[in-house]
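Two complexes, one shared chain (subunit A), two partners (subunit B, subunit C).
On to the complex of A and B.
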C-alpha cells in the first residue's frame, strides 16, 4: 500500500502510515530516528519499502545523532526526515538549536510523536514548545488525511524557508486509523552533493555554520516571518461555524476531532464555531485577529500544556484595540484539565457549561453499578514481564544478592521493558527511574557520596539499546570519576519494548541488511570498567556474581546479563525446556516458602491451583526457560531439555 | 444504522485485537463508510488490556475516542474485558458479543485475585445491558484448526447481529487481501460460523 500508485484511491491508514506515505509522496531520500512509542511505525514503514523506493533509512544510536544524520541528507540537497517520540526532542535539542541557525538545504522535517496521557511513556512531555524555543515553524495535522498531506507540504515549506519544519503528531493520530486518499508518489532519485566553496555568508553554497550568530539569527527570524505569510493563506487553518459565534473554539491536532464531536453531540453547531489550526507556530496573526474579533467567548482545546492558549492571549493583548474584550476559557482557568490527554467528554463538559446545554454521558446510577461490577468481577490486569522474559530472572538475582548483602543496597533504573521492576513484576527492585541512561548517571552520583556517609551498595540497570543511546557517557563518567557502583546491562539483544528495532549491538540495519555490530563487553572494557558477564537464566551463578562484585570489587564495574528476549524472532514459540510440577513433591501452602513460585516469582506460566493447593505449569503459556525449577526450595519443579 | 455507529473491540495483548479492528474497519471502508479507529495497545505485550474504538459514519471521520456511555456494539475477545468496557462506555441498549475463553490476569494466576465463573459474569453483564451474547469462539476456532481463527469468528458474530452494513462478499475481499489464497476458505468458514453462533449463543 505504501508504494501504491492508486492515486485518488481511499485506504484505511494508521496515522503513522499516512505520515510515511506523505514523506514518500514528497520524495524523501533519507529517514532516520530512534524507536519510541508512538512514533516507531513511521521509520518501520519506510524501512520496509527502502530497497524499492531508493531510500536510506536508519535506526540511529539516539535522537540527536538521528537528527544529525538527517541533516547531512539535507545539506547534500536531499529531502530528509527525522522521527522520534516526544522526549527524544530533548535529546536532539542541542544539535537542533544550532541546526536552525545554520539553516538547511534539501527539505528537512522533524516529526515528534507526543504521548499525552503517557499511554506508553513515563512522561507526557510537550514537543511544541521546542518549535517556539528554536524559532521554527510548527505544523499539527488535525486528521489522517492531513497527516499525509501536511507531511508532504512540510518538505516544500522547509525548502521555501531553508529551515527545519516540525510536524507534531500525538498517540491518538499516530496510533489511530482513518480514511486517506492517496496522492502521487515522487519516485525521482536525486543526486547528492555537498557544496561548501561559496561565500562564508552564503547559506546555499558556503560552509554550513552558525556564525556569525547575529547575522544568522536575523536570517532565521526572517524565515519565520516568511512562514507566517504562508500560514495566513494555508488551507490547513479552517473555520467551521456561524459568522458571529457565541463561542469560538480554537484547537489543533486530535483535539479538533474531539471539539467537532462535542459540538455535534450537543447540537451546538449553530451557536459555536471551530477555528482549527494546522500551523500553530508562529500563529498567523491576521487570521487570528479576524476570528478573535468575531466572538466574545473563546475556548482553547489542546493537549497537554496551554501552548496555543498562551500564544493566542499574547496576540489578543497586542491587538486589544481591534479585537475588544474577550473571555478566555481553557487550561488556565480550569475549564479544561491541565494534565492528561483530551477526549470528547472533556470538550463536551466544557462547552455544555459555557453554553449552558445539559448533557448526560452516562446516568449516575449506571456509572455506579458499572464501577462496582467491574471492580468486583473484572480482576485487574497488572503489567508483568512475559513468560520466559530474562528480566524476571535478572531481577530475581539482583534482588536476592542485595538482600543477602544486607546493606540496604538499591537499583537505579531507566527506560525499557525493565522499567517494570518498579512493580511487583520485578520485585520492586528499581528505586529511581527517569530518562534514557539516567539510572547509570544517577548511580555515578550516588557512588561518590561515601564521604557523606552513604554506605549503601549502588547498582544501576540499563538495556542494550539504552546503553548505546545514553548509558555509555554515564559509564565513562563513573569510571573517570572513580564512582563506586555496579552497572548491570540487561542485554536482551534488541530494542524489545518498541518492537525489536536493531541497535549498534545488532548486526543488521532497519531493512534487515547485514551491518557490523559493536560489542558491548569490549566497549565497557575499553572504557576501563571491570567487566563481567553472566547468563541470567543461571540464577545461582548470577546471584553469586552480583553478590561477589558488590562485596569484593570497587570502583565502577559492569555485569552484562545476556539472554535474548522471549519474544525475539529467534526464540518466540521455541521451548528450551519442558517444565512440570511434581505434585508429589510440591507441598503447597505447607511448604513454608509462602508460595515463592506463584506469589513472588509471578511468571504467567506458573499457576496457583487453589483447589489442589499446589502450583502447576500452564503448558500453553510457559515459554520453557526453566528458571522456575531453580526457584522452588523443595525441588518440585522439574525441567527436561526439549530434543530438537 | 445509527451514525456514527460506535464499536469497541476489547481483549488482551496477543489476541489479535488490532488485526480484528483492521478487518472490520477495512470491510466497512470498502462498503463506502468513513471509519476511524483509535487504539490503545501500549501495554499489549505485557499482559495489559487492549481496546480499539471504531467509529463508522456515512458523513465524515469522527474522533478516535468514543464518549463515555456511548458504545453501540462491544466485541469482547476475552470475557471479563466486556465488563470493564461496559463500566466506561456502556448503556442499557448496547449489544455485547463476547468470547467465553478466559485469559487470566497475573493476579489470578498467582492466586491473589478471583476470576468469575461464566454464569456469574453473565449475570453481572446483564445488569448493565439488555442484549449480551457469549459464544465459544476459541473452542470453535480450535475445532476449525487454529485458535487464531477465533478473531474471525468474533467478527463474523458481530456481522451476525445484523447491525452492520457488511456482507459476506466485502468481508471475503478484505480477507483475500490479508491471507494466502489457501487460507481464504477456512477464514470464510470461521466468519460464517461466527454469524451462526451470534444467533445461537451460550444458554444460561
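On to the complex of A and C.
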C-alpha cells in the first residue's frame, strides 16, 4: 500500500506509515535511522519497499552515524531521510551542529519521534529545542494527512533553503492511525554525484565544510529567514474560530486534536478559537501578530516543555505596541501540566477554568471509586521480562554472584529491555541506569576509584545492539585507562526491545538481505579486554563464571552472555522443553523453599495455586526454556526435551 | 526458645557481625549460601518462622532448654558444662592413623564408630584451596584425609544439613563449639517436624578459642606459597605463642599477635571453649606433648569411647585435677568474656527484642562471680 498508485484515494495509515509514504512521494533515495520507539516503523516500512522503490535503507549503528549516512546522500544530490527517537537527537547533535553550518544539497529531513510521558522511554526528552539551538526549520504535523503532506513538503523546503529540516512527530501521531489521501509517487531514480571542485565558498559545488564559520553562519541565518517567508503563507498554519475570540488557543502536533475536542465538549467553539501551527520554528511573526492582537487571553497547549509558549512570549514582547496587553496561560503558570502526555481532559480543565464554564466530566464520587477499584481489583501486572527471557536468568546469576562475593558489588545499566533489572523482575540488580552505553562508561569511572577506597566490584550490563551503539568507546576507555570493571554483554542477538531490527552483529540488513556481521567477541578481544562467554541458561556455570571473573581477574573484562531473545523469530512458539511441577515434591510455602519460583524468580510461566499450595506451570505461557528446573531447591520442577 | 525467620537472622546476626559462619543455615533452603567462609543471603525469604533461625547459634539460644534436651538437666555453670568424665587420650595402633592434628583422638573415634556401624557417615572439614569446607565421608578410609585443623571459619554444619538431605540417619559430626551449638539445637527438633528422629549418632566437639577470617587467613597463607602444599598448621601450647606453618619445603613461624588480628568480631562474643553440647569434646592437652584431652559428656559418648579404648583404637589415661586446671581457667575465662560482651550489647535475656543467649539468671550470676570452679 505504501507504493499504491491510487492517488487521491483514502487509506487508513499509521502515522509512521504516513510519514514513510510522504517521503516516497517526495522521491526519497536514502533513509537511515537507529531503532527506538515510537520511531522504528518509518524505517521498517521503507525497508519493506526498498527493493521496489529503488531506495537505500539502513539501520545504522547509532543515531549520529545514521545522520551522517543520510547527509552523504544529500551531499550527493539525493533526497535523504534520517529517523530516530527523541533522545537520539542528543546523540546525533554534534554532527548536526556542523551539518547545519555546511548546509545540504539534496533535500534532507530529520524526523525525531518524541515520547511525551515516556511510555516507551527512560526520559521525557524534547527534540524541538534542537531546531532552535541548531537554527533550522521545525515542522509539526497535526494529523495523519499532514504527517504525509508535511513530510513531502519538508524535502522541498530543505532544498529551498539548502539545509536540514526537522519534522517532529510524537507517540500519539506515530502510533495511531487515521485516513490519509494519497498523492502522486515520485518514482524517478536520480543519479548521485558528489561535486567538490567548485569555489571553497560555494555551497552547491565546493567542498562541504563549516569554514569559514562566520561566513557560513551568516548564510545559514539568511536561509532561515527565507523559511519564515514561506511559513507566513503555509497552509499548515490554520486558524479556526470566531473573529475576536475570548480565548485563543495556540497549539501544534497531536495537541491540536485534543484542543478541538475540548472546545467541542465544552460547547465553547463560539467563544474560543484555535490557531494550529504546523511550522513551529521559526515562528511566522505576521501571522502570530494578527492573531495575538485579536484576543486578550492566550492558552498555549503543547507537550513536554513550554517551547511554543516561550517563543510566542518573546514575539509578543517584541511587538507589544501593536498587540497590546494579553494574558498568557500555559505550562509556566500551571494551567497545563508541565510533565507527561497531554490529553483532552487537561485541555478541558484549562479552558473551563479560563472561560468559567462549569464542567464535571465525571461525578467526583464516581471518579474516586473508579480509581480505588482499578487499584484494588484489577490484576497487578508488573513490568517483567517475558517467559523464557534470557535476561531473567542472566540477572539471577549476576545477582547471586555479587551476593556470594559479599563485597557490595553493583551493576551499572543503560537502555534496553534489560533496564527492567532496576525492578524485582531483575531482582533489583541494576543500581545506575541512564543513556545508551552509559552503564559501561559509568563503570569505567567507578573502576578507577580504588585509590579513594572504593572496594566494591563494578559490573556493567549492555545489550548487543547497545554495545555497538555506544558501549564500544566506553570499553575502549576502560581498557585504555586500566579500569577495574566487568562488562556483561547481554547478547540476545537482536535489537529486541524495538522489534528485532538488525545491528552490526547480525548478518542481514533492514530488508533482510545478507550482510557481513561483526563479531562482538573478537571486537572485545582486539580492544584488549579479557573476554569470556557463557550461556545464561546454564545458571550454575554462569554464576561461577561471574564470581570467578570478579574475584580472580583484574582490569577491564568482558563476559558475553549469549542466548537468543524468547520472542526472536527463531524461538517464538517453539519450546525446547516441556516443563511441569511434581506437586508431590513441591514444598510451596514450607520452610526450605517458600515459593522461590513464583515469589522470587517470577517467570510468568510459573503460577502459584493458592488453593493447593503448590506451584504449577502455565503451559500456554511457559516458553519452555527449562531454567526454573534448575532453580527449584527440591527438584519439583521437571523438564523433558521436546522431540522435534 | 522462640523461633523466628530469616529477617531476624539478617538484621540480628549477619548484619550485626555476630555470624560465626557455622553454615547451619546453609543447604536448608535456597536463601543462604556460603562463600570463602562467609555466610550470605540470596534474595529474601518472608517466612516468620524457619529452621535457619531455629538452628542458628546466634539467635535466641536457650542454654537451659538445650541442656535439658541433650543432658536432661539445666545448664551448668561449671567451666566445662555437663560431663561424665575427663581423660587424656590419643589414637591407638588399631586406628592406623599417621596424620592428625594433635594425637588423633577425633579421627580414631570417627573411624571406630563408622567401622562398627554406629555412624553411617561422618561430616568432616577438609582443606579446599586454603578454605575449610565440609565433606561427607562414607568410608572409614576417607576419615584420615580430612584430619587436621582448619583454623579459618568453616561452614561445617552445611555438610550436616546435606547429609540429612541425602537421607543419612546415623551421622557422626566433628565441630567447633559454635557449630556444635547449632547441631545441638537442630537435634532438639525446634520446628516440631513430624516423625522427627535425631539423625546425629555421635557429636564430637573440638575445643576452640577462636577461628580466623577465612579470606584474610588464606591470603596470608597464599603469600607463603602454594596453599595445596601446606602439610601442617599448628599452634603449639603456651608458653610459645606462635603459629607454625609447614609448606612444600619451607616452614614459617608467625607470631600469634599477627594471627589474632584475623579473628572475626563474631568470635569475641563466643562463650563456649569446650563444645559443651557435644557427646565427646576433644582438644589439646597443653601440659603434655601429643596428647588430647577428651571430655565425655553423654552416655552414648561414654559407650563409644570405652569401646574404642577396648578395641585399641584409643589409648586413654586418667588426668589429675591439677592437669586440667589451666583448661578450666581458660574455659571459664572465655565464658565470662563472651557473655559479658553479649550482655553489654543487651543480647543476653533481652526483653522486647531478640536475645542471642537466654540463661537462668542465677546461673549467669554465678558465672560472672567466677566461682564454681570445679574439681
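In this text, the second predicted complex is superposed on the first by the 643 of 644 C-alpha atoms of A that agree within 3 Å, B and C clash if a C-alpha of one lies under 4 Å from a C-alpha of the other, contacts with A are read in each partner's own complex, and residues count from 1 in each chain.
Heads up, the rule we're going with is that a residue touches a chain if its C-beta (ideal position, glycine included) is under 8 Å from a C-beta of that chain, and two chains touch if they have at least 3 such contacts.
All values derive from a computational prediction rather than experimental measurement.
Within the superposed three-chain model, A:612 lies out of touch with both subunit B and subunit C [touch as defined at top]. In the superposition on chain A, A:599 contacts both subunit B and subunit C. Partner contacting the larger number of subunit A residues, of subunit B and subunit C: B. By the touch criterion defined above, A:176 reaches subunit B but does not reach subunit C. In the superposition on chain A, contact of A:403 is made with subunit C only, not with subunit B. Within the superposed three-chain model, A:333 lies out of touch with both subunit B and subunit C [touch as defined at top]. By the touch criterion defined above, A:258 reaches subunit B but does not reach subunit C. In the superposition on the C-alpha atoms of chain A, the part of subunit A touched by subunit B in one complex and by subunit C in the other spans residues 599.
Against subunit C, in their complex, subunit A makes its touches with residues 399-400, 403-406, 427, 547, 589, 591-594, 596, 599-600, 631, 633.
Here subunit C touches subunit A in the complex through residues 28-31, 33, 35-36, 38, 40-47, 49-51, 191, going by the rule given at the top.
Subunit A makes touch with subunit B in their complex at residues 10-12, 37, 119-120, 143-144, 172-173, 175-179, 254, 257-258, 260-261, 265, 343-345, 348, 360-363, 366-367, 369-371, 373-374, 376-386, 417, 420, 425, 567, 595, 598-599, 602, 604, 606-608, 610, 618. Subunit B makes touch with subunit A in their complex at residues 12, 22, 25-26, 29, 34-43, 45-49, 61-70, 80-81, 83-84, 86-88, 90-92, 104-116, 120-121, 124, 127-128.
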